[in-house]
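Next up, some structures in structure tokens.
In the two assemblies presented below, subunit A is common to both, partnered first by subunit B and then by subunit C.
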Partner chain A sequence: MSERYAPVGWNVTKIVYDAVALAVTGVYISVFLWVAPSFQHVTLPLDEYTMRMNAFGTCAFLLLSVILSIGPATRLDPRFLPLLYNRRHFGVLTAAVATTHAYAALDWYFSYGPYDRFEMLLRGNTSFSQTQGFPFEIFGIFSLLVLFLLAATSHDFWLRFLTPPLWKALHMTLYAAYLSVVAHISLGALQAAQNPFLAVVVGFCVVGVAALHVAASRRRATEAALMDGWLDAGPAEAIGEDLGVVVTPPNAESIAVFRHAGRLSAVTNLCAHQNGPLAEGRVIDGCITCPWHGYQYRFEDGCAPPPFTETLATFQLRIVDGRVWVDPVPKPPSTVVTPVPVP
Partner chain B sequence: MKPLFVGWSGRSALPHLGFLALLLFTLVAGFGVLAFTLGVTVDDPGGGDFSGDKDITGVLIADPYPMIVTDKDQHTVILSGGGKRGVQAEARALDGKHVRATGGGVKRGDRDLLLVDQLRPAPGDAPAPLREPLGTWRLTGEICDGKCSLGVMRPGNKPAHKACANVCLLGGVPPVFITTTPVFGTQYLLMGDPQNHALPDALRDYVAITTRMDGTLERIGDALLFRTDVTRAVVP
Partner chain C sequence: MRRRHRDAHRVIWLVLAGLLPAVVLLSLALRPIGPTEAPQIQLAPPK
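After this line comes the complex of A and B, so read on.
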């Protein structure tokens, strides 16, 4: 039997998220192209293509900065979590905005000559040995290719096909793309720019993204030291009432952490019947209910309610600064572990 | 009978709606403000622009790059083709001849360029254009393609536009040297190599950045021609 993948499943949250992402982009592009020009101090207005390149180029950079800030922001304050939820759509949108920028440049700067535009893209400027006039397009091309690759592999199919560690590693190349974009802007638009505002914005974004990452990794390091050997199950906020999340310890079976009646508890993720994924189940009659055949277990001790006799291993939990930590050492099945109230 | 399959649940954590609303507002407003500020604080691209249909008569000079010195007022007009192409081939056949050219004009400051539609011999003799050697000069400025920098693109200079300028130069559009300070009242100089030929390919490394170059100046019509060995250009 093979796994089958339905087209992207839509729900209200995703639609709202995408509407917000589109609104942010739409506002940016409209203001840049249709409001700002009447306020410029110029002898004659900039040409339409250049404005388009500037608008979509800066927009893509700002969107990338936001995307890269989401991860560390949620680590520092779980209230940012809803932004994390659909970050991939944000990424695909950014790829589209960046493509529009690139297309405007290709069409304006590299076309209308006697040679092919893609040939000109590579051959137009070959001053690789100098900083001034460096072919900065190359950095933009690299970033765009990475954005394409990440957008193309953003679907869950690829997450499963490549396995999460490989997929994650692949998607970490977004950082390389970001640095490459910074090089693209610094060696291109910022060279010989008289007005410093773009430089200020780019500097602010880069420093901001870096600072958020440093702060988040400091937080992580302190927590890890505090929680010697325990596993980080993410913010308590992220676990919805009567829902479960999965934590996978290295070299061991995964653990399901549930929230029920405002309290958290953890049992093994493997159903005692046929190893069904308990974290994906529902809560029915105050019991964890396996999504496969409906076997039920109590939260506090992992036992099936009488007259059934199945039992699950239980795990200890703690909540520190809003984050959930799980002791990866299982308690023997049916050990009572008191559920931890979410503050 | 209850179905055996219980099914996956599709609910997610209830967000902090107030915080989310604030976040949403900050994002939209922040992007709006940034768009406005970045869109307004652009560098002035100057006043080069298309100047309408032109019909000129004068002497054609094919080297180092095609130009016409008009009969009427000894005004020197740079010649280029449509798109990013030059008109070297057409001009070669008419070098030194009295010609009439029509096409679209491009103008920036005192310098005109014609995007040639038609170029053909004109009746009558070719009066010799005014020529005056002006000696040896060391000049600082930026090499651009004559077409974009005179107003077909705004902006049509600086490193962001370098590859585009190179594409124009590869296609045969004449280069111009835009000096940082005026020389004999102009900042838009025609260019050529010391032997009065077109500039070599090495030119392209020096396009769109500030360079200092030594060479000679000659007034042709009302334009200045800067003849220089571009391979010895210095990036200050």
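After this line comes the complex of A and C, so read on.
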């Protein structure tokens, strides 16, 4: 089996997204490096390398916290969906910022040792048994390697090559990287910090990110009631035109029920691209459009419009006394199921 | 999101919700008293 590489498909939204992310990062670093020092009244200002290390280090940590918050925030409130759109480029930007931080540290602390800088970094400090002076760099190195790996495999080519489950599992190592970054800061910068500001910011980010994830995972779709093995999807008029609702069968993947042109149809809620939640998407050009990266599918057979080849499982529906019922047994992908008119 | 993936997600974040603040708090608790880096002293008010 072989995979064909296709370059990143640029569009205006992606360009605007990246421009905003770059501009915000640029402003943060500029303010940190050139504006903030002028408000400091000290006779011993921090050297240029330490400033650079601090600016890029804090920026990478904040970016990582934002990236990790996007997923649960969109599940709690769809208004955050635009942030999800190009999250992978955000990740690549974070890897670049973190690398600059590491490079400044390498230049400042390890340039004059008896061995090579990289060797010094790895074997210069081996006080693993104490918190004070612990070689916290090791945690930073681990996180940086993970960020590199994820940035390098962020393209769709790797998603297809590794298959979505493996790619997802690989990209979940970002959580370990975040834990490792927090350990890196806690055993490094926080030990030396002279005021509580950094501790407050780190604490706020850490609690915020974790709380968002826990809250989002609690808000799961309730499992639908069954009648003759069919699932209750609620009253037909509760489904707005060109909108979808989710129905979750017991012990199975969720189903998205849509209303379009006054007729109802159902497909799996998992996008064929990367399992995006289709019921949260919009209808564009008469097709279900995934909210994550815009893959499209037809209502009646779950097929992507030509020339695309993705297909979704479809489901049979019926309306009894104004309520919608879904047969939870999926039809093979691309099976035609005629949409049911709402009476 | 796939069901299995979602469940793994939930367990991981429940663990992290305890672990992340614990790492920060523990490292602060074990911190030596007083700063370990040279203070940015200000010997005299700026003229």
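By our rule, the second predicted complex is superposed on the first by the 214 of 343 C-alpha atoms of A that agree within 3 Å, B and C clash if a C-alpha of one lies under 4 Å from a C-alpha of the other, contacts with A are read in each partner's own complex, and residues count from 1 in each chain.
Please note the rule applied: a residue touches a chain if its C-beta (ideal position, glycine included) is under 8 Å from a C-beta of that chain, and two chains touch if they have at least 3 such contacts.
Quick caveat: nothing in here was measured; it's all calculated off a predicted structure.
Peer 1: I'd like to know which partner A:20 touches here: subunit B for first, subunit C for second, both or neither.
Peer 2: first
Peer 1: Touch check for A:194: first (subunit B), second (subunit C), both, or neither?
Peer 2: A:194 contacts both subunit B and subunit C.
Peer 1: Between subunit B (first) and subunit C (second), which, if any, makes contact with A:253: first, second, both or neither?
Peer 2: Touch partner of A:253: subunit C, not subunit B.
Peer 1: Between subunit C and subunit B, which one touches more residues of subunit A when both complexes sit on the common chain A?
Peer 2: If we count touched residues of subunit A for both partners, the winner is B.
Peer 1: Looking at A:29, would you say it contacts subunit B, subunit C, both, or neither? Reply first, second, both or neither.
Peer 2: First partner only.
Peer 1: Just subunit B (first), just subunit C (second), both, or neither: which does A:179 touch?
Peer 2: So A:179 only meets subunit C here.
Peer 1: Between subunit B (first) and subunit C (second), which, if any, makes contact with A:281: first, second, both or neither?
Peer 2: first
Peer 1: Same subunit A residues contacting subunit B and subunit C, which ones?
Peer 2: Common to the two interfaces on subunit A: residues 40-46, 132, 187, 191-194.
Peer 1: What residues of subunit A sit close enough to touch subunit C in their complex?
Peer 2: Per the stated touch rule, the residues are 40-46, 131-132, 165, 168, 172, 175, 178-179, 182-183, 186-187, 190-194, 199, 202-203, 206-207, 209-211, 213-214, 217, 220, 252-253, 270, 275, 277.
Peer 1: Can you list the residues on subunit B that touch subunit A in the complex?
Peer 2: Where subunit B meets subunit A, its residues are 2, 4-16, 19-20, 23-24, 27-28, 31-32, 34-49, 83-85, 153-155, 158-164, 166-168, 170-172, 204-210, 235.
Peer 1: Any idea which subunit A residues touch subunit B in the complex?
Peer 2: Per the stated touch rule, the residues are 11, 13, 20, 23-25, 27-33, 35-37, 39-47, 49-51, 54-55, 58-59, 62, 66, 79-83, 85, 108-110, 112-115, 120-121, 123-127, 130, 132-137, 187-189, 191-195, 197-198, 201, 237-243, 280-282, 284, 289-294.
Peer 1: Give the list of subunit C residues in touch with subunit A in this complex.
Peer 2: 1-3, 5-6, 8-10, 12-14, 16-17, 19-21, 23-24, 26-28, 30-32, 35-44, 46
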